[in-house]
Each structure stands twice: as C-alpha cells, then as structure tokens.
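Dropping the structure in here first, questions after.
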Amino acid sequence: MEFSVNQIAALLGGTVIGNGELKVNNLDKIETAQAGSITFFSNIKYENFVYTTQASAIIAAKTFEPKQEIAPALILVEDPYLAFTALLEEYHKFKSFSISGVEEPSFIGKNVTTGESIYRGAFSYIGENSTIGDNVKIYPHVYIGNNVKIGNNCIIFPGVKIYADTVIGNYCTIQAGAVLGSDGFGFAPQADGTYKTIPQLGNVILGDHVDIGANTVVDCATMGSTIIESGVKLDNLIQIAHNVTIGANTVIAAQTGIAGSTKIGHNSMIGGQVGIIGHLTLAPKTKIGAQSGINKNVTEEGKTFLGSPAQEYAQNLKSLTIFRKLPELLSKIEKIEEKLVHLSVSDTK
Amino acid sequence: MEFSVNQIAALLGGTVIGNGELKVNNLDKIETAQAGSITFFSNIKYENFVYTTQASAIIAAKTFEPKQEIAPALILVEDPYLAFTALLEEYHKFKSFSISGVEEPSFIGKNVTTGESIYRGAFSYIGENSTIGDNVKIYPHVYIGNNVKIGNNCIIFPGVKIYADTVIGNYCTIQAGAVLGSDGFGFAPQADGTYKTIPQLGNVILGDHVDIGANTVVDCATMGSTIIESGVKLDNLIQIAHNVTIGANTVIAAQTGIAGSTKIGHNSMIGGQVGIIGHLTLAPKTKIGAQSGINKNVTEEGKTFLGSPAQEYAQNLKSLTIFRKLPELLSKIEKIEEKLVHLSVSDTK
Amino acid sequence: MEFSVNQIAALLGGTVIGNGELKVNNLDKIETAQAGSITFFSNIKYENFVYTTQASAIIAAKTFEPKQEIAPALILVEDPYLAFTALLEEYHKFKSFSISGVEEPSFIGKNVTTGESIYRGAFSYIGENSTIGDNVKIYPHVYIGNNVKIGNNCIIFPGVKIYADTVIGNYCTIQAGAVLGSDGFGFAPQADGTYKTIPQLGNVILGDHVDIGANTVVDCATMGSTIIESGVKLDNLIQIAHNVTIGANTVIAAQTGIAGSTKIGHNSMIGGQVGIIGHLTLAPKTKIGAQSGINKNVTEEGKTFLGSPAQEYAQNLKSLTIFRKLPELLSKIEKIEEKLVHLSVSDTK
C-alpha cells in the first residue's frame, strides 16, 4: 500500500510542489511523522514543524507562504484538514477492505451462502445454513454458528463468537473477542435453594452501521430478540442482557451494563461504567454520566442524569458539592447546638 | 428438529383439535409467533391473539371455549403454561445436546480420555492427560489445557479457555469467551519500584450445575484452589480473583468483581457491578445491591447491603434519601444561622 | 517434571535428612500438601502439620528440632520461606518455558521471523512480516496480526488477539482472551444524528516486563501509540482506551477503565472498578481506591484518592462517615428547628 505524492495529489485535486515521485505508505501527525509518511499543516501554531518534520509529504493550504526552505513535497489544497481527513478515510477503507480470499484451514458448514470479495481467515468457522453478504471480512478464529445472517460490508475481527440465529445488518464492525447471542442469565429459584436454568431460545439482531467493541457481550433473548438498532456504537467490555433494545444512533462507553428487557431510546449517550437495571424504558436522547446507576424509567426526552442512584444532572451536582463539604456542615450544626444551649440558658434566666 | 403436533401432544399428554399432522420447529410468544411455531395461551388478556396468531399450534387449557374459529391446531392440556415450560426445557435440552461427533481439524493431546456422545468442534484443543466425561459438548475454538477434568453433560461454548489442572463437575455450562484458571494477580514490590511476579501454581475447581457467563474470568489460586461450588450461576464479564470461594447456589450478576481470597457464603445473591475487596468472609444468604462496594466481613446470615462503601440496605436508603435533599438541608441550616443571629442580637438587647 | 529431594536440596544448598531419592512433582502449603509434593515449615504456629502432612518433603530451618518422628524427607536450609519462594520461581519459570516446538495445524504468514525455542500452539496465527523473539510461547488460538514485533521470553496465553502493528517488549505475559490494538472508540456526530467512524490508524506499544490480564482490552491510538510502559501490571477485564499512556511500574486492579488520551504517572497504584475520564494527566505514584471516579488532573506526586467523583482520601472518608449518619444529622436539625420555634416564641413574648 504505497502511493506516490502525485497519485495522492490527483485524488485530492491538489497541486504538487517538490518531488511528486516520492512514495508514502503512512499518515501521521506533523510532530511525529517519519520518512514515508504524509502529514498536514493547517494550524499556524505548528508552522515550525513544517521546516523540521521528517515526513515525505505535507498537505498544506494554497495560501501558505513558506518562510524557509521545505524538505518534504507539498500538496497544496483548499482546506488541508478536510483533505487529510478524506485521505484518512480512504486509506482506512482501503486497508480494512483490501483483504480477501480464504486462508486454510478454515471450516464452512453445509448450505452456507457467501457473497463476493469476502475474506475467511484461517481457523474461522461458519456453521450450517448461514448467509454471508458481499465484502464481509471474517478474521481468524471467528465463530459463526448455524443459521446466522450477515449483510454486506461487515468486518468481524479475530475471535468474535456469534451464536446461532444471530442477524447482522450491513456495514457493521465487531471488534475482537466480542460475543453475540450468548445465553441470557435466567434462573428460576427452586424450593431447595437451587436454581433451574430458564432456556434462552431467542436471538440477537443488529441493524446497519452498528459497531461492537472488543470483549463486549450481547446476550440472546429468552424468546424473541435482543435488538441493537442501526447506528448504535458500543465500546469495549459492555454487557447487554437478554431482551434489551438499544435505540438507533445510541453511543455507549466502555464497561457499561444494561440489565434484562430494558429499552434505551434512540440517540442516547451513555458514559462508561454505567449500570441500568432491568425492565426500564428510557426516553430518546437521554444522556447519562459515567458510573451512574439508573433505577427508574425516563419519560422525558433529552434529560441528563448523574449519580448512583441517578438524579437529574444539576441536582446531583448540587448534592455532590454539599457531600464534599459535609464535615463543615457538621461543624456548623455543632456550633448552632452550642449557641442554642447558651441561648436557652439565657432564655431561662 | 421438526415435530408434528401429534408428537408434541403425546409428549404433553394433551388432546389435539385440528390438524395433528402440522409440523412445528420453533417455540414463541403468541404475539409474535409465525408459521412453524407452537405457542401457548393461558392469560385471558391475550385471547384475541388466539384468533389472529400466525402460529401453527397453540397449547391451551382443556376448559377453553373459543368464541371464534381458530386457524392453528390446538393442544388441550390441564395447565398450558406448565406444559409450554416443560416443552421449552425438552426442546432446549434436545437442541443443546443433540450435536455430537468430531469436526476436523481439531487437536487432542496424548493420553486424553473422552466419554460417549461428546462433540469436539473444529479448531478445539484438548491438552495431554485430560479427561472429558460423557455427553460433553466442546464447541469450536475451545482451549482445554493439560490435566483438566470435565464431568458429564457439560457444554463448553466457543472460545472458552480452560487452563491446565482445572476441574469441572457435571452439568456445567460455560458461555463463549470465558476464561478459567488464568494466573492470579500477585506481584511483590521490589526496592527499586518494580514488581516481581508471584508464581500462581493452584487451579480452579467448579462443582456441579455451575453456569459461567460469557467473557467471565476465574483466576487460579496461588496455591490450592479457587472454588466455585455446586449450583453457582455467574453472569457475564465477572472477575473472580485467586483463592476465592463462592458458596453453593450463589447467583452473581454481570460485571461484578471479587478480590483475592474472599469467601462468599452459600445461597447469596449479588447484583451487577458490585466490588468486594479481598480476604473477606461473607455469611450465607447475603444479598448485595447493584454497584455496591463491600469492604467488611458479613457475619450474620441473610442480611442485605447497598452502597459504596456498603451499609445495611435500609440505612443506606435513608442516607441516600437525605443525600438527594442536601441542598434543602443546607438552606435549612442557613436559615437557622440567620435566625440565631437575630435571636442573639435580641438576646443581648 | 519430577525431581528428587536430593536434586532440590542441591539447588537450594540444603542438607537432606531422610530419603533423598523420593520424587516430588508439585509445591503446596503444609496444610494441604499430598504425596508427591514438597512444602515448607517456617511459622511455629504450623508445627503440628509437620508431623501430620502427607507431603513427601519439607523445607525447614537448620535450627529446627523436631519433637516427634517425621515421615517426609527434610531439607534443612538457612531460611525456609526464602528457599521455598526461590524454588517456586524456578519451578514456575521451568513450567512456563519448558514447552517448545510447533503443533499443527498452525498458520504463519509470509516473511515472519521467529527466534529460538519458541512454541507455536495448534490453531495459532501469525500474520505477514511479524517478528517473534527467542523463547516466546504462543499458545493455541492466539492471533498475531501483520507487522507485529514481539521481544524475547514472552508468554502469550490461549486466545489472545494482537492486532497489526503492535509492538511488545521482552518478558511480557499476556493472559487468555486479552485484546491488544482493537480500534479506539471514536465517532464524529453528523447533522442527521448518525455518527461517522473516525479511522484509528495508530498502534499499541508494550515495554518490558508488562503483564496483561485475561480479557483485558487495550485499544490502538487514533494516530501514534497507546503506550504501556515497562513493568506495568494490568489485572483482568480492564479497559485502556486509545492514546492512553500508563507510566512504568504502575499496577491496576481488575475492571478499571481509563478513557482516551489520559496519561497515568509511573509507579501508580489503581484499585479495581475505577473509572478515569479522558484527557487527564495523573502525577507519578498516585494511589486510587477501588470504585473511585477520577475527573480531574492530579499534579502532585504520591497523593491518594477515593470516591466518585474522587476527593483526597482523608477528606472523602470524613464525608463518607457523615453520609452514613445523615439520618441523625437530619433529626438534629429538626430538633434545632423545634427549639428555635420555642425560643422565638419566648423571645417575642
């Protein structure tokens, strides 16, 4: 994956100054870029790096007038930051989807349908009757159970485990070690103190453009489906219990846990290490601060919560501020008590 | 896995009304059931679904008198909910244990003993001198180290990692990505600020009917054993440190962590995201609310705790209630102070 | 791995009393040791175990004078505890590094360099252009992406996933299921409420003597590197986000999460289930209690913090103590109010 400065300039519609034949194979920040890298310069604060960087090429503004000689090749464009971002995305897409073919040994069950340009890494496993769309990248050690459906343009990183009957949309990315469809945690207490396992027969459904973080777990439903709607982004080590629904375009930070049957409204933002108890409904656009504990329904859209158990954000901040001053509060009360003794005495004189 | 309505009726001791030759291959709720599914009707609130469901068969009470014509076949029984639950369990057992045989490539070390009706999935690994009981299902990408003992009727889901010397009882289920026997976290501080690793030589022992959740980790003991007693149910993403003992029939929700050498009494119930520090002993039947932090021994049976650090439940609720009203408390105190100034002034007049 | 008592005595520079030809293959505590084990006796409290233990050999002090006959062989040394610890380390090192060779099937990409005495377990995967040092042990189901560099004497336990471009130093141990280099959690909100994935092009760098716990996740940097410096010990189920730096010899307990771009100073100690928000800098030797939430920079070395949000340790303890007595505080205030009413009345008389 090496490109000449001229090729990149053509892609970006820019003008080359210097050696257009130079090859670049990496993108980096101007402070740390090495030979072989392309970088960008848009913030005047970083101008001296332009003259000292080891980068092979710099994307800069058409209006830029260098004060010294510049070693790297320059690509002059309208907006260097936008151009660099566009390049970044192209590069990432290219890098993510350029791999294809089948590495052996790999396992494919009976009656599996696979699309075009897919990659099946060594030691990957696809169970019977599963359907894999076009341009899906299945890395080594991925397990896909029976009757799984995966749409187009998905990337399933190494060691992901997808239980039977899971349905995944298009443009989903599942990071390493994530588990989709494990048995929900359901046990019926018996008279003798033991528990009987409640069979979990449902599945997991992911919409389109869903991203699942590394070692995150989404349990299957008891019956029906645990649903992660389109555009949801889950960070690492998250727990989604059985029969949960996460509304579209909701973003959840690492190590948060959502208990069984809770429904999160669309376009919500949930911080890290949050806990949400089961059987709740949270309105759309709910915001929840890190480490909060939610134990009640949220009926109004767009509210922000904090604390464990959570309160509305501003209220919780007020209580927290006073919590930190509790020792002063206590001494105030003790002073008042003292004064009152004095007053009472004087009163009874 | 398709059965006729007649076959199911025979299993349940029920009477068929309608087409007993219809085939069903799934169980579902009456609201969502599709063709090919069997469902049940026991709550009168759901009666109109009986006339509109797409299900192929409905389990209903002998006493049920339909008000309209019914498309699905009916199976009439004494108690439809119990009958459906029984069917669910049969179906689940059948589905879980019907798979057997060996998929290739798989790896089996020297001197391994395996029982009858086992399944060894592709890319599964069994180390030397290990013993696997009857009817054990080892899914793809499972790693079983050397000298491991697994009893009968266990299901080890994909990607589970079981370190050497682990002992697992009968009827255990380990969900995908769980790790049993990883090295405990023990490091001796050195004079120069570095740490020396303390070797972890012990193992993990699981009793019978233990369920371990996805991506949960149980560390091996430093010496001796980390012990998960019979009937314990662990949810996903739980951390059990070295030398911990979890008493029989204890249930622990997701993302809870238990530090080294702590002993949890039998029949305890621990919520999600709880933290318990090391070297504690908790009495049997202890209940702990979600997100609590336990930093003291619990000597009395059957108590309930909440908060971080935890208090007895009722006490913590009282403190929490006042915490939420701290701003009002503060303004009360300020009013008192004001009044006192006034009183003091009037007193000194 | 069986040694005679004489061999062990020679290693420890001790004197044998009893049968030096006895074979031992395990180390254990004196309370639980069985035949074939060697144990030690240094604490006088445990003396009666010396006469009852099933162990085959006991390491004891030169000065020890038995009161009864002793069945096991004795190895007499200057300091039995130190000798046993030394033996433990030798045994552990031996056990950890004795395995070597290649199990098949395993996968190795083009242009991979591997050192001497390495172990590549069955179903392990090494991508193109990766370099593996001497004496590295790669267990089954390990995934190593392209362009990864691993130093000497590392142990990579089963099912570890190492993304492309990761760099690992010498003497590192990575426990099962850990993920290094997964994509950082970066999404740019769009006008229509959806999110666009920000490409994550950086990598993860581990220094020397780094230990990573089971199912822990370290994300790659957006650009540049997420850095875990030498001597860092991470427990299980920890989340390290993109662009974080963990200073040398820092120890972090299980289930803690550190958000993006935060820098932790060297020789810090962080408890379990701690959350640290993004873009912070924490001074060296910072100590953080379990379940704390850090939301501010720490500029002074060696401070201890507790609470969520965290305060300095002593302050937080004071507030917590009063929090637990809030009901009494409230009734104090109510009594004061009552008294004031009385006083006011008497005042206005």
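Note that the chains are named A, B and C in the order they appear, and that numbering of residues resets to 1 at the start of each chain.
The rule we apply is simple: a contact is a pair of C-beta atoms (placed from the backbone, for glycine too) under 8 Å apart; a residue touches a chain by one contact, two chains touch by 3 or more.
Note that the structure is a prediction, hence the values are computed from the model and not measured.
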item: Same-site or different-site touching of subunit A by its copy subunit B, using the half cut; value: different
item: Angle of rotation relating subunit B to subunit C [CA atoms, steps of 5 degrees]; value: 120
item: Cα-centroid distance, subunit A relative to subunit B, in whole angstrom; value: 26
item: In subunit B, residues with contacts to at least two other chains; value: 105, 123, 141, 159, 177, 215, 237, 255, 273, 308, 323, 329, 333, 336, 340, 343, 347
item: Touch list for subunit B against partner subunit C, complex; value: 105, 107, 123, 125, 141, 143, 145, 159, 161, 163, 177, 179, 182-183, 185, 187, 193-195, 197, 199-201, 215, 217, 219, 223-224, 237, 239, 241, 255, 257, 259, 273, 275, 277, 293, 308-309, 311, 315, 318-319, 322-323, 329, 332-333, 336, 339-340, 343, 346-347
item: Interfacial residue positions of subunit A with respect to subunit C in the complex; value: 27-29, 32, 88-89, 91-92, 103, 105, 121-123, 139-141, 157-159, 173, 175-177, 209, 211, 213-215, 231, 233, 235-237, 249, 251, 253-255, 266-267, 272-273, 290-291, 308, 320, 323-327, 329-330, 333, 336-337, 340, 343-344, 347
